[in-house]
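Presented sequentially are two complexes of subunit A, the first with subunit B as partner and the second with subunit C.
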Partner chain A sequence: MTVVQIPPPPLPVRDKSATRALSPMLTRLAEERATGVLVREHGTLYLAEGRVVHAESPFAPGLDVLLTAHGTLAATAWQRAADRTAGPLHAAELLLASGLLPAGALELCHLDALYDAGYFALAPSSAPGRFRYDSGPRLGPLPSVPVVALERETLRRRLLLHRLWPDPAADSAPLIRADPAAGPAAAPVAPRQRAVLDRVDGVRTATQIARNLGRQAFHTLVDVRRLVAAGHVAPRPAAPVPPPPPPVTDPDIALLKRLRDALEAL
Partner chain B sequence: MPGIDECLLEAMRLPGARGAALVDWTSGLALGTVGEAPGGDHETTAAEAAELARMAAEHGAFAAQADDGQPPVEDLIVSNHDSYHLLRFVDTSFDSSVFLHLWLGREEGNLALARIRLGEMAARLVLG
Partner chain C sequence: MANTETALKEALTSIEGATGVALVDYTSGMALGTMGGSKTFDLNVAAAGNTDVVRAKMRTMEMLGLKGEIEDILITLTGQYHLIRLLKSRGGNGLFLYLVLDSGRANLAMARHQLKKIEAELEI
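Showing the complex of A and B:
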């Protein structure tokens, strides 16, 4: 028997001729090598001399989650470092200096977390971002990323998701198992996708599954879009809006009058 | 304890090494690059190598029998008439999907030596 499968689309390569910037403000901050904190709707970027040194987003698990979820670092060890420092980046630097973790592992995890949170921080937003000049962020021992590089990687990631499955609904909605009859019969599920599929329960969203697995959120979006494309998973349809109460067109005037009379007679 | 750049520079000291990169195979992002890349473009090379690595990692035919949490595949070797490409999966204790990619000239390169050394470097990168 021959199994014919449609090959997945290739990973996109950045179009270097494209000058499309995600935000003019970001381009300006990079040009002036700004130092400070850029707060956007879905996340925050910490810039030092025009380079991103740290990023946070409520949608992406932080370095702490990535490091402690699989026992790379004991949660108490992270907590001790976090208690002694001003923020997660400084806690990571303290861990690096203390030698508790290998430099390569920490650098790798730091970059993973930075690109992951950066992807969500640069997501289209309904409100403009605010930049606060602040001498707090500084170039430290952990790797930093030029603003332009983060911007281009974010665009490339959007394109990758779009090519896997063009509907972004599954990125943010609670996920449900798709009706097997509706999808292609028994499309294979890769081991990493299996772990995601096992956590699809009609309540969790893709980014909540990522946190539960201690995985990068963008990686989970990739797995979810592949699972949606293969017919295993679907975004839960929005709950139907309850019908409005029927308009009262015929108040019982006689009853109301009797009620008023009775009240007045008390 | 080496960081990413030190690890890549060490890989470049292997005989015949032309270029090296640390690549995430889910996103296709190069987290670090050093030396040359085929066609002069590390980004394109990273995206294409990531595609190959993902195919190998996700297809059951190539996975080890025992599923003990290690990457399903250890390394990939691609040879052509003038060079070798060696892709070594990095086994991290946290969740990640990265590999080291070493591009070797075929005349000067020693594939067996490079394979052993790259495995050692991948382990040192994350284990110290």
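Showing the complex of A and C:
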């Protein structure tokens, strides 16, 4: 007699292919050409008629940092514009209208900031996003980005990081210099990466270094992963958790507890 | 004081023999803007690939201890020229202009000169 083994039918699993939408909610909003603000765990997307006009994330330096850090714009000029307007996007439009910034430079910084914050906003999150219909965001003089383009770019960026160094630990942990003795034939560090390496102090994380340098956070993640792959930098290991107190077996304490319980019962 | 789109349009229309142009961020390999190209020539793919060219050259120069900066890179194919021009922006964004030329119609010296001018206008 032969036993025929029938394999169990495959369990229905979610399609994990790269073409899957990062946020089904966002896809739906894009289809209905919604206008409003999508708040997700790691960032916020501003939609106007289904297109992304602006993105913010606590991890990514904003347009103000990118514009003022390298002398493209004086910090006081930004401050003056920001005081007179509702948000960074409106401040940028005011600066453009007043001729303080060349259109090309501002557009490039705006797109840089949008894709950068969008990368973090679309990061996998543990909490569902919330959308608020709001007529605030609108299509302005600065370029907007279709949702599919932002999603495609975010996926491409994830793959790029994964190719450079597959361990994401260095993205969020404070960074330390790796043991220099471990890599005697260390490759030379490019100037852009050198600036990052100089700011590795055991306290700052990659995104804090980005803010300090006035660079996009994702670009700093790329530099950090390359530095990790080359053995220059490592994520600081998490502090060891103190062992839990051993269970009480001391007869004196057991006696005292019984005494306390008895007294309480009186 | 051109914006990105006009700068790309100008490159495509004013440079003789240009068939495609892209403005690329060379850390992420993302094209911030593209114009031209064709069904068989995806400028976004070209942008990402040429990022590696720029990075490799920069790393080589670092290893050799060369202090100069890359102004442009020319790649000559049998029927095309690919011209990469790095933007020297104050923002230090790390961008380059990528231009595809039909080698039968293009004037290389003129194309280089015009690309330089477009770069200057984009981010003054």
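Criterion: the second predicted complex is superposed on the first by the 226 of 266 C-alpha atoms of A that agree within 3 Å, B and C clash if a C-alpha of one lies under 4 Å from a C-alpha of the other, contacts with A are read in each partner's own complex, and residues count from 1 in each chain.
Criterion: a residue touches a chain if its C-beta (ideal position, glycine included) is under 8 Å from a C-beta of that chain, and two chains touch if they have at least 3 such contacts.
Quick caveat: nothing in here was measured; it's all calculated off a predicted structure.
On the shared subunit subunit A, the superposed partners subunit B and subunit C overlap sterically. When both complexes are overlaid on chain A, the residue A:P143 reaches subunit B and subunit C alike. By the document's definition of touching, neither partner reaches A:A97: not subunit B, not subunit C. In the superposition on chain A, A:A75 makes contact with neither subunit B nor subunit C. Counted by residues of subunit A touched, the larger count belongs to B, out of subunit B and subunit C.
Legend: residue contacts after superposition of the two complexes on their common chain; A:C109 is shown touching both subunit B and subunit C. Once chain A of one complex is fitted onto chain A of the other, the partner contacts of A:H219 extend to both subunit B and subunit C.
Note: residues 66-67, 70-72, 102-105, 107-109, 111-112, 115, 143, 153, 156-157, 160, 188, 190-192, 215-216, 218-219, 222 of subunit A belong to the subunit B contact set and to the subunit C contact set alike, using the contact criterion stated above. Residues 1-4, 7, 22, 24, 26-29, 31, 43-44, 47-48, 50-51, 57-58, 60, 63, 67, 72, 90, 92-98, 124-128 of subunit B are the ones that touch subunit A when the two sit in their complex. Note for the complex: subunit A touches subunit C at residues 66-67, 70-72, 102-105, 107-109, 111-112, 115, 143, 153, 156-157, 160, 188-192, 215-216, 218-219, 222-223.
By the touch criterion stated above, subunit C contacts subunit A in their complex at residues 1-5, 7, 23, 25, 27-30, 32, 48, 58-59, 62-63, 89-95, 121-124. Taken in their complex, subunit A has these residues touching subunit B: 10-14, 66-67, 69-72, 99, 101-105, 107-109, 111-112, 115, 143, 153, 156-157, 160, 188, 190-192, 213-216, 218-219, 222.
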